[in-house]
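Which chain is which? They are A, B, C and D, in the order written, and residues in each are numbered from 1.
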Amino acid sequence: MINEAPQETIEASTDRFRIESEHLEMGMNGLKHSMNVVAGIGLGGLALTWSVAACANLVVGVAGPMTGEYASGGEQFRKGAEQAVKDINAAGGLLGQKVDLVVGDDVCDPKQAVSVANSFVNKKVAFVDGHWCSSSTLPASDVYNDAQIPQVTVSTNPKITERGIQGIFRITGRDDQQGQVAGDYIAENFKGKKIAVVDEKTAYGGGLADEIAKELSAKQTPVVLRQSITAGEKDYSGLVSKLKANGVEVLAYGGYYQEVALILRQAAQAGLKLALIGGDTLTNNELVNAAGPEINKVIFTFPPDPRKNAAAAKVVEALRAQKIEPEGYMLYSYAAMQVFADAAKRANSTDYAAVVKQLHNASFSTVVGPVDFDAKGDLKSPGYVVYRWKGNNYEYVNK
Amino acid sequence: MKYGGACTLHRLRTSLTGVDMSQALQQLINGITLGAIYGLIAIGYTMVYGIIGMINFAHGDIYMVSAFIAVTCFTLVASSGISSVVATIAITLVVCIALTSAFGWTVERVGYRPLRGSSRLAPLISSIGISIFLQNAVQITQGARVKSIQPLVTGGVNLIAAEGHHGAYVSYTQILIVAVTVLLMCGFTLFINRTSFGRQQRACEQDQRMMQFLGYNVDRIIALTFMIGAGLAAVAGVMVTLYYGVVDFSIGFQAGIKAFTAAVLGGIGSLPGAMLGGVIIGLIEAFWAAYLSPEYKDVATFVILIVVLMFRPSGLLGRPEVEKV
Amino acid sequence: MTIDRPLLRVENLTMQFGGLRAIENLSMHAYAAQVTSVIGPNGAGKTTFFNCLTGFYRPTRGALTLSHPRRGELRLDAMRSVNVARTAQVVRTFQNIRLFPRMTVLENLMVAQHNTLQEASRFSIAGALNLASYRRASEQAIDNALTWLGRLGVRDVAEKAAGDMPYGVQRRVEIARAMCAGPILLCLDEPAAGMNPRESAELTALLRSLAKEQGIGILLIEHDMSVVMKVSDHIVVLNHGKKIAEGCPAGIKSNPDVISAYLGEDDDSSSDELMPHERSAHA
Amino acid sequence: MSATMMKESDLSLRIRDALWASVVAGLIGLPLLGLTTRDGMHGLQVETRWPQLAAFIAIAFAGRFVLQTVMHRFKIAPKRRASTRPAPGVVDKGALAWLGAGCVAFAVLLPALFAGNRYVVDTATTVLIYVMLGWGLNVVVGLAGLLDLGYVAFYAVGAYTYGLLSTHFGFGFWQALPVAGALAALFGMVLGYPTLRLRGDYLAIVTLGFGEIIRLVLVNWGDLTGGPNGISSIPKPTFFGLPMAASGEGATFASVFGIDYTPGQRVVFLYYLILGLALLTSLLVNRLRRLPVGRAWEAVREDEIACKAMGINVTNVKLSAFATGAMLAGFAGVFFAARQGFISPESFTFPESATILAIVVLGGMGSQLGVVFAASVLVVLPELGRDFSEYRMLAFGVAMVLIMIVRPGGLISHRRATVNVPSEAKQ
């Protein structure tokens, strides 16, 4: 009687939760219950197999970090896919079948990514839109390759398409490409300024920063400081005072927006004026409030803003009507679905070989513009453009 | 590790050439500020440990919750048209401490009281469970996006203003943080040493059974201890929100580990120890990050902790336990 | 059995904690096949003496020398507690019983034979493969254990958790465990505490026979005078860390210093200690 | 009459108690449920969710009240001082043995029961990895009583050993396995050494520190470990040299056994592989427990001083425990790397250590079967929750708390004696 009250308060948090709490109780009262839990694996499995059996529709999957640190990125990604599927079904489905979308949450954790991949295989998905993080896409793609499921990702780590997997495609550029673009921009526009290249130790950030550094040295632009920090920290005063000591004016940063916000704020607090250049993840509008007034110092590379495409106008409208701003990778996720649907139509089947063949050879017109994949599965013409944040939205930088 | 050592040495050489006093001073300031925050959280760990001899793994997340409360509160106050900075901070502090200590109480009631007297690991696990729960509860109810407020206290003092922007700079926020911490520490020490509750609390640390026989409500004392710990974490939460201005549901873990390390380094169970440990760790991080390799600063922290414990198995200020035969 | 050369020689042993002298210039001998008792009022430094002897404390001054039948002269004061038990084969029990509470009584006794068994299990490899050599060793260990449990009359609890046993039983189990470790000098810290007269009478008989038939030396700390007087060949009386008397039971009983040491004690719990048992001793 | 009086009084008592509960619910609900902030055009804006908060408080009240009433009705006394000693076996040995056998049988048949259900088999594989880790940590925490919060470090050592040996020197799974085990054991001893003098929570934080150090080195020592990119395309284990592939150069499992290859085969093979490893682990640990070293582990947990007085070298005993536990983690790590084909520091963070420790404690320390159940709960629960992913970790946390409260000794708190009186000696 001492302990129960707060349990109730916990239970209260959601009705869904109570469904689960049934499962918990299994654990509680010793053995026979626990036995049920072991059977729980079975039940879970059965439930899934049934759900597969139940729907004769065509199933496609979208996978990304729906929870956790990068949840907002995953959310954009999911919304894009949902919209695409909605539109496809509105247009009478695909090959006469209604399309169902299943969502997989990998929390950007490689282990969970594999688990998600297997559950997709189980649900007999015909196509996977994702994953979002490079570190999830890498292990998951093995499973999809195994099970012969075509996949279109937005992960930018070069390695992904370098492993000779036939069925994986990338609808964005690669870190090395955007690194180049960023590097060039710095070399041209910040001549003679003191430049530092910093990255947080993530698969994404490290790769990007290395590419920027490479490009800078190629352009004989000196870098006064090359540094790595640990993502997830809150205190970057060490880095800031190091930048200050080196009189750095331009900071090229490889990493996610959370750290960017903190670095900018702490730099401002230490009275250090910085221009910051980063990669595609800085499109996330969380950065706006997080960085505060500093936001206007942020420059980043991103593929041409699809919202400005005529082809995207309808979709953008539809999304805005639902109070969803189609920012970041939302439209790319949408485009991935489009590409698959298109390829399937041309192949007149969702069979792996046929679809992949189409994806490799045909060229598609999507909300992000014309899409052409090369032999490795990368875009033939990955355009990266430089943007600058202005208040609540970003715009092209006119060189 | 070897590589790490090598590269740090290299960094040391390169950075020492460009180093000037002002940067050292700057890092000293930053380090102490950071240390003050760690210290405030560490006291929570150390008090709880002192009284029930257990780690409260949820403590870091209580601090995280308090940071979120602070964000909400700041926003509310701002929108309610109160412009005075002092008033804003005061109100927020009060609200945060009140609500957060409620969390502290709940944690004790849910995760600890039912398990009193059972194996020492049971409460450890339940507190890990609570910590996971809090993180996800916040993520669901408050959203996974980072919350951020505009800097409330701006400006500061240039200590060595001389050679351009190479001066050491103390922001008013930093001064505020250190000041509040010092005040709190003094008041708190008095509270523990002078008040009757303080005496009861310390008596409980000595011998709970006896206190029970003497007719004191030990449960109540323990619950209060948790609430006080949470209250201090709340202050830390507010300060961090002021200092960094950016909060997300994952800040609890990092800070928790650091504060816990601080508590152990200083000698778990000792209040001055917790503060000392906090400052030491803050300084290690600040200087290591500035002069050696930022990516290895946590390694440094833990290595130093281990070395200290190898020579002083019960921390810097902890009373060494004699092997009772 | 020759009692010419003492088994244990204590030469002006001094143990100091900060200002407090727990033991001061204690010199005494203990012989094989004999029971030597160390008595004295509370806080006389008896247990401290045991802790120095068994390597838990490092003496401030003085020498503790054990003449080991096979290993020769061993300086106990220079040894770590592990080696005192392992090399010098000086095994002790504890005033506040220290069994392994959650393990069964039998397991407790097996742990006492750890080193022999570990030897036999050859880094656990022979053990893991359950080779004959190891099986034999462990079977021997088991019935060695059972024998000792039998000797102490607690064999029926062999498979019970040691911690759940009543006090008296735990005491006897602890003695059995000590014997399993194969001591040549056995140090018992108040073995009779918490035993009823009958039990302590049995204990007395047992200790004597242990000393005689096993030929081991027994050092005994005991408050129960009836036991002490019956069992001891030699008694050393400590008070405030100093030796105030030494000799055979009869001599000690009549020794005025001893009487005053006990009766002089302002703490009367210890003063009445001598008298009643006196009577029972005569009876 | 007086009886009704009684009822009345404790009814009001219960109501007051429930009110108190709802007050607390209100206090903790207000900042989380009641208020929230959203990014507005300029800075944050506060939104209120009074209905949810009200519902929350109401449920807290009702729940508390009902609970009290139930407890009152069925006279369930709140157990305040749960016993330190494991409760006398929940069931008798026989039943446990049968249950164990049942689990093994279920495990062996599982791929057949869910033929072609890749997901279930794969999840079961994950469960078994954790079972193996749990049994390994059990040696350190459950038997030797050394609280280790950095266990994942040895798991990482194993995984990276295989990852590096296979990608750089072309080691196969089976060659790498012993190497990794040995290396992990070595680490176990190296890391164990400084902690020998420490007890309880000092030990905890130091081991935690080691875990973090290893992880940070993995992240930052890019030249060796590939840093955050980790190591990818790690070869899958082979069936006695026969690859599990559609058509490799030379013979494949499928071709040799004259069956046509399906990707499912590999998953099932991996499953049986880890099942085999796990069963071996179980045998080993069970055997060690019955050996002098195993008993010494438990003795050290029970009373170090008594151990010294028995002439047991506590240092060696502790180190052997660390080494054994680490070795098993190393094996598990190798399998993990082989199964994932990709490893990166993200997989070896503190929460992982916490989960493994939780498995050991929830299972009931020292109980192997308990570990199996706990691992199933902690792995399957989030999986079942995948479809409403947000709430799954929430439930996970609650589960840990609830299990601890309901069974502080763990699911199965039952200690088997390591030695019995031989039957012929009984009389």
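Here is the rule we use: a contact is a pair of C-beta atoms (placed from the backbone, for glycine too) under 8 Å apart; a residue touches a chain by one contact, two chains touch by 3 or more.
Please read all numbers here as calculations on a predicted model, not as lab measurements.
Contact with both subunit A and subunit B is made by D.
For the pairs A-D and C-D, the larger set of C-beta contacts lies at A-D.
Using the mean of the Cα atoms as each chain's centre, the chain most removed from subunit C is A. Averaging C-alpha coordinates per chain places the centre of subunit A 30 Å away from that of subunit D. Each chain gets a centre from the mean of its Cα atoms; for subunit A and subunit C, those two points are 72 Å apart. Taking each chain's centre as the mean of its C-alpha atoms, subunit B lies 50 Å from subunit C. With centres set at the average Cα position, the gap from subunit C to subunit D is 44 Å. Within subunit B, the positions touching two or more other chains are listed as 106, 110, 114, 133, 136-137, 139-141, 145, 148, 150, 293, 295, 298, 323, 325. The multi-chain contact residues of subunit C, meaning those touching 2 or more other chains, are 56, 94. For subunit D, residues touching at least two other chains, in rising order: 24, 28, 33, 39, 43-44, 78, 80, 216, 219-220, 305, 362, 390-391, 393-394, 398-399, 401, 405.
Residue ranges of subunit D in contact with subunit C, taken from their complex: 85-86, 284, 287-288, 291-293, 295-296, 298-299, 302-303, 305-314, 415, 417-422, 425. On the side of subunit D, the complex with subunit B involves touching residues 24, 27-28, 30-33, 35-39, 43-46, 78-84, 141, 147, 194, 197-202, 204-206, 208-210, 212-213, 216-217, 219-221, 223-224, 305, 350-351, 354, 357-358, 361-362, 365, 390-391, 393-394, 396-401, 404-405, 408-409.
Taken together, the subunit A residues at the contact with subunit B in this complex read 2-3, 5-7, 9-10, 13, 67-69, 71-72, 201, 227-230, 232-235, 237-239, 241-242, 244-247, 258, 261-262, 265-266, 268-273, 286, 289-293. On the subunit B side of its complex with subunit D, the touching residues are 1, 3-4, 49, 53-55, 65, 68-69, 71-72, 75-76, 79, 98-99, 102-103, 105-106, 110-111, 114-126, 128-143, 145, 147-150, 253, 257, 260-261, 264, 268, 293, 295-296, 298-299, 302-303, 305-306, 309-310, 313-315, 323, 325.
Taken together, the subunit B residues at the contact with subunit A in this complex read 15, 18-20, 23, 26-27, 30, 34, 106, 109-110, 113-114, 133, 136-137, 139-141, 144-146, 148, 150-151, 156, 158, 165-166, 169, 171, 173, 240, 244-246, 248, 250-251, 254-255, 285-286, 288-290, 293-295, 297-298.
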